[in-house]
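The structure under discussion is supplied below as structure tokens; questions concerning it will follow.
Chains: A, B, C and D, in written order; residue numbering restarts at 1 for each.
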Amino acid sequence: MTGPSTKARQIAVALWLLVSLFVLALISVLADGNDGLEKFLQFVVGGLALGSIYSILALGFVVIYKATGVFNLAQGSLVLLGTYVLYQFKEEYDLPFGLALLFALVLMAGVGVLIERVVMRKMLGKPVFSAIMVTLALLIIIDQIVRSIWSEPGYVLNLPWSSGKVDIGDVTIRHIDFWAVGSAMVLLVAFFLFFERTRVGLGMRATALDAEVASAQGVRIGVSYAMSWAVAAVVATVAGMILTVRTGGGALTPAVGYVALRAFPAMILGGLDSTGGAVAGGLIIGLAEVLVDGYLDYDWLGERFETVVPYLLLLPIMLWRPHGLFGTKTVERS
Amino acid sequence: MATLLKKSERAAADERNHLAIKVVDLHVSYQRSIKALQGVNLEVPQGKVVAILGANGAGKTTFLRTICGLLGFNGGAISQGSYHLWGQPADKLAPQRIVRLGVGQVLEGRRIFSELTVEENLDVGAISVRNRRATHDLKEHLFTQFPVLGERRNSVAGYLSGGEQQMLAIARALMSDPSLIVLDEPSLGLAPIIARQIAGIISDISTDGTTVLLVEQNAAMALSLSDYAYIFRHGKVAQEGPSEELRADRDILELYLGGGTSESKTKSERS
Amino acid sequence: MSSSTAHKSSSAVEGGPSGRVARAAPSHEGAASDSFSRGGSLKISNVSFSVGGITILDDVSFEVKAGELFGIIGPNGAGKSSLFNCISGIYLPTEGQIHLSDKPIVGRRPTAVAKLGVARTFQNLALFNNLNVSDNLMLGRHRLMRTGYLTAALWFGRARREEVKHRLECAEIIELLGLSEVAKLPVGVLPYGAQKRVELGRALVSEPNLLLLDEPVAGMNDDETEQMSNLLRNVSQQLGITIVLVEHDVHMVQQLADRVCAINFGQVVVVGSPAEVVTHPTVIEAYLGADWS
Amino acid sequence: MSSSSAPQAKGEQGGHDAHLDAQPSPQHAQLKPIALLPGLDTKFSTLAIALIIIFYPVLADNDFWTTVLVSTGVFAAAAIGLNLLTGYTGQVSLGHAAFLTVGSYVAAYFGATQGLWMIVWLPLAGVFGAAVGAIIGPFALRVKGDYLVVISLALLFFTAHVVRNWESVTGGNDGISTSGADLGLGPLNFADLRIFGHTFTREEGLFYLAWIMVGAFALIARNVVRSRPGRAMQAVRDRDTAAEVLGVSSAQYKIAAFVLSSAMASAAGAVLAVHQRFLTPTEPLLELFVSIQFVAIIVVGGVATVYGAIIGAFLLTVLPETIKTYTHWFDFNIPIWDKKLVSSSGIEPGLFNPGSFSNFLFGLLLVVFLLLSPQGIAGWIRAVKGGAIQSFWHNLRGHLRGRWFQRGEPAASRSRA
């Protein structure tokens, strides 16, 4: 799938990232001396952690896009639902964390399969526009369901590693940051192996390219579709968990789904169909957001300027590369 | 094609039901209104090459899609009649079940996965086969059979030429080690010389014992390859018979396959 | 395609067309008639095109005279469609120049090329499936119309006059092609043969100087092929439009074309009369095969 | 459509169009599709609806529902714009709420703060909307389909950010009042309308203003789609390469569609602002919900039809108010949660409150229509005319039986043998 040119591009982007980080580090050292470096490193840690969360969110989009060709706008509400389901098992039913997580993931996988079977399967062969619109509708429906089931204020999700942290020099790394980065990396590798090395993954890719032919070759396309939604829902739950604990100290709000909106740029920055791109895009957006927040505090840019940074970054890049940094352009030959 | 998998197991069943395909009074309609097939009766004996001829819109492709279980993709459905594969009812089977029964499919217009590599395309073809070792051997065998594909196994399939893509589509269908292979217009849009090459490949496949069901516009090619032929017209079988007899009967060809002038008749023979 | 429509169209093509097409021509007196009644010449000079490191066209040169019916044959993947894409501005050649009646084309966008009077059909049909037959044809006349958003929004006066005038022009071609009965249907539901005719019609109504036809009879049976050949002959002889035809049906090209160019591996093998080309040893070896009669 | 001049002109040019002179019917048939309101039934129903609208405030005299119908008008006007963009040009946009916001603040600033006349600030709203649309338009050229959806989301974030922070113009988080904006148009003052001795309230005046706008936009949209630019937009939607080869510049028509659609949305937003009397910034998430509502409007009403946008807007603005008014209809207990389905009281909590329930229904309606009736209500109307209303039920039965692979497109386009 990834030709030599894509690989070259990935390396180039990685290098470009490193160089720009290095330049930024240099500037901050020149500006503030040794304190500047620590401040900078602290920002990088924060940016990587946030970026990893975006990456995980973006991976959820990519898996559905890769298998079904559908751009799932409802991913944010899966994040929302997954987080509340985990809360339900962990806090309301008072299960140990591992068990609660397991149950939540299994239940969410079921929800994913259910959505696919009941709704998305029927959109097969319909225009892409309709499929996107259906995911929009799902976004509203799931959002309203979550808000009405968990309607009281003040739910808090306590995880065993919610508040732990490690100090390295003057740089503080919270345990949750390790979890964020670790989960992103593990998921990336798992996704890569799954799509490139397994038959089911190959079947899913074939299905996305031409479902009819894939099924004529014996690919069970129903399984491909259901599986992709299950995986996306599971990934969404992981992302929601880490996000809630990291940003709100475990306090649950329906706004978790809103963060997923900010992950859209991460995903299309990398390219909708590229797992590596999702992770790279997430990291770029996360770093940019935290660094902008840390360094740029000009008044005229306005409060919470960092919330628009992902989109500001996105626009020029999309003009330059309309299919994202690593997205595949369809091969045409007539 | 070499017999590597499953064939011996199937042989017993085949003997019991020497008909690979048996279709009785098949009616198919699209969107509940457009009647594409109106009572087709057709048999494909095991080990033979059967051709389906007919003008555009006669229902040939619809028939093949029915055989492959693909009607649902276009909003079509069997409204009446029965369809058996090796004596087993197959009218309600999903496409992948039909592949598992031993039907390899080459759809019209090649339809390769242009963004996957040549090798990945073949792997998709073998996706229903459990025996990985045998699959691997079969793949290598096909690469020797089709050296063009072997040379370009790691390149993206979209860059292959039309003839090469057609070969890839056939090779992909062979990867499931089918007992029956169905081909829809394999020569469409190909240069005469490539079309003949493809014809050669099809005849090789049949000499290896695989049953072939072939849909073609090119009557001359189809009749020279096949043992028996059906001519479709307006969603029905208008004429059938051993291919040699049909080939000899110019009137029938002229009547059903068009070509009012003698000039174009010789043309359809030649090209 | 049902036989009744086939019959109808065949009578329209064989019986009526000479009169009708000829009549269509004088109705364009004035600004358009100059470019319409006389086809443009096409000159391809040393055109090369490569994508993704693969050379698809390699130093292709030939000339098509004004009013000529020129055939291009060659194996699949030889670069025929790519050449068309270069002419119509979809691809940008890596090297070389293309002239339409002495005007350079390379570097112009497809819309600009269309405005010069180049019309084409596509190998795999490129119709607007949700629009009906007459709207598809009206899009062929897009370049000849002027209505913009403002005049359209006001409608009465210019927009309406123009709309009426061009709809009547299209109606003639629709009738000529035997599509009157289906003129209101979305083209997506038409049989393949009819869709092919709609696409040709869409190219014809745009009053082209140069008509590029990419496999106009692919997937057609002998009857339909015959009708299409007759139609093309009429268009070429009576309207004088220059036609470049890519086709696999060598017999059709042989009967129809004034001159033929054979392409293989992106290179011109031979240009000449049909007889010269089909007897050329390289063509026989690479394309037709040794047992070609 | 009487076109007596056309055949004569034709006759002069063509010389001997005997068949045209003898039988005017084929020519009439050619021109029928370009009539503004093809068919007598369409003409009558349009007239009937126009009369209902004109006399509604006089006869009903119910301020609550008049208020609701003002929003209907505003939403309809903006949805007509979105339908030009999405339905006819095929550009999916979730930024429509942002265009309304732009128009709202133009009305607030130029209308209320600066005190300009309505004939200045209303067109200005359109111009500003068009300008924003022109900025986002070029992205649609480079970026396609799913990517464009995300780009359009950017608009929501940017406008929300600007509104929150440009305090001197927008009032920032404190909000800004719009009630001072002038509503005069020559001798008419929509804030205090008197016609034939009848005095209308401000809401009723706004009702007329909104529906005059709907009428104007509908006319513009209908005229555009039945002539050259509208056809070009649809060509770009269906196949942009083929369109280019015919001389249709996809760049030009995509940008124009963005400009036109955002100008309409922005003008509608300006009227909405005056109607609301006070503007406060909203979260991008809520703006997204508004954008989705617009999509729901055109899907439920009927994609690529002008009247569909109006029907959809009517349904989706009247529905929540109906639910609010008749909450007691949904006031029953749900056994599993032991809650009422919908309740507006805090003492007896419901699974939904009226607001969230109507949001939920929006989503459900959108799914149901996309699955079972993708042509929307316009499709039903067409079906009734064609005498086949059963298609909806047939589809429903099909889905219940589990026929999964259903194509929207006609079969003939794909299988041709």
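The definition used in the following text is that a contact is a pair of C-beta atoms (placed from the backbone, for glycine too) under 8 Å apart; a residue touches a chain by one contact, two chains touch by 3 or more.
Only a predicted model underlies this, so the values are computations on that prediction, with no experimental measurement involved.
J.: What's the chain with its C-alpha centre farthest out from subunit A?
T.: Ranked by distance of C-alpha centres from subunit A, the top chain is C.
J.: Closest chain to the protein's overall Cα mean, using per-chain Cα means, please.
T.: The most central chain here turns out to be D.
J.: What whole-number Å value describes the gap between the mean CA coordinates of subunit A and subunit B?
T.: Going by mean C-alpha positions, subunit A sits 44 Å from subunit B.
J.: How many angstrom lie between the centres of subunit A and subunit D, each centre taken as the mean Cα position?
T.: 33
J.: Mind checking the centre-to-centre distance between subunit B and subunit D? Centres are C-alpha means, answer in whole Å.
T.: Between these chains, centre-to-centre, one finds 49 Å.
J.: Please output the residue numbers of subunit C that touch at least 2 other chains, ranges allowed.
T.: 52, 77, 123, 191-192, 219
J.: In subunit A, which residues are in touch with two or more of the other chains?
T.: 125, 222, 331, 333
J.: Which residues belonging to subunit B are in contact with no fewer than two other chains?
T.: Touching at least two other chains: 56-57, 73, 159.
J.: In their shared complex, at which residues does subunit C touch subunit D?
T.: 23, 26-27, 29, 88-90, 109-111, 113-115, 119-120, 122, 126-132, 134-135, 138-140, 142-143, 145-149, 152-155, 159-165, 167-168, 170-171, 180, 183-184, 186, 188-192, 202, 206, 219
J.: Where on subunit A does subunit B make contact in their complex?
T.: Those residues of subunit A that touch subunit B are 1, 3, 125, 199, 202-203, 205-206, 209-222, 328, 330-333.
J.: Help me check something: in the complex, which residues belonging to subunit A touch subunit D?
T.: Spelled out, the residues of subunit A in touch with subunit D are 65, 71, 73, 119, 121-130, 132-134, 136-141, 143-145, 147-149, 151, 222, 255, 257-258, 261, 264-265, 267-268, 272, 301-305, 307-308, 311, 314-315, 318-319, 322-324.
J.: Please name which positions on subunit B make contact with subunit A in the complex.
T.: On the subunit B side, the touching residues are 68, 70, 73, 94-96, 99-100, 105, 107, 111-117, 120, 123-125, 127-128, 156, 158-159, 172-173, 176.
J.: Under the stated contact criterion, what part of subunit B meets subunit C in this complex?
T.: Touching subunit C: residues 55-57, 159-164, 188-194, 196, 217, 234, 257-261, 264-265, 267-268, 270-271 of subunit B.
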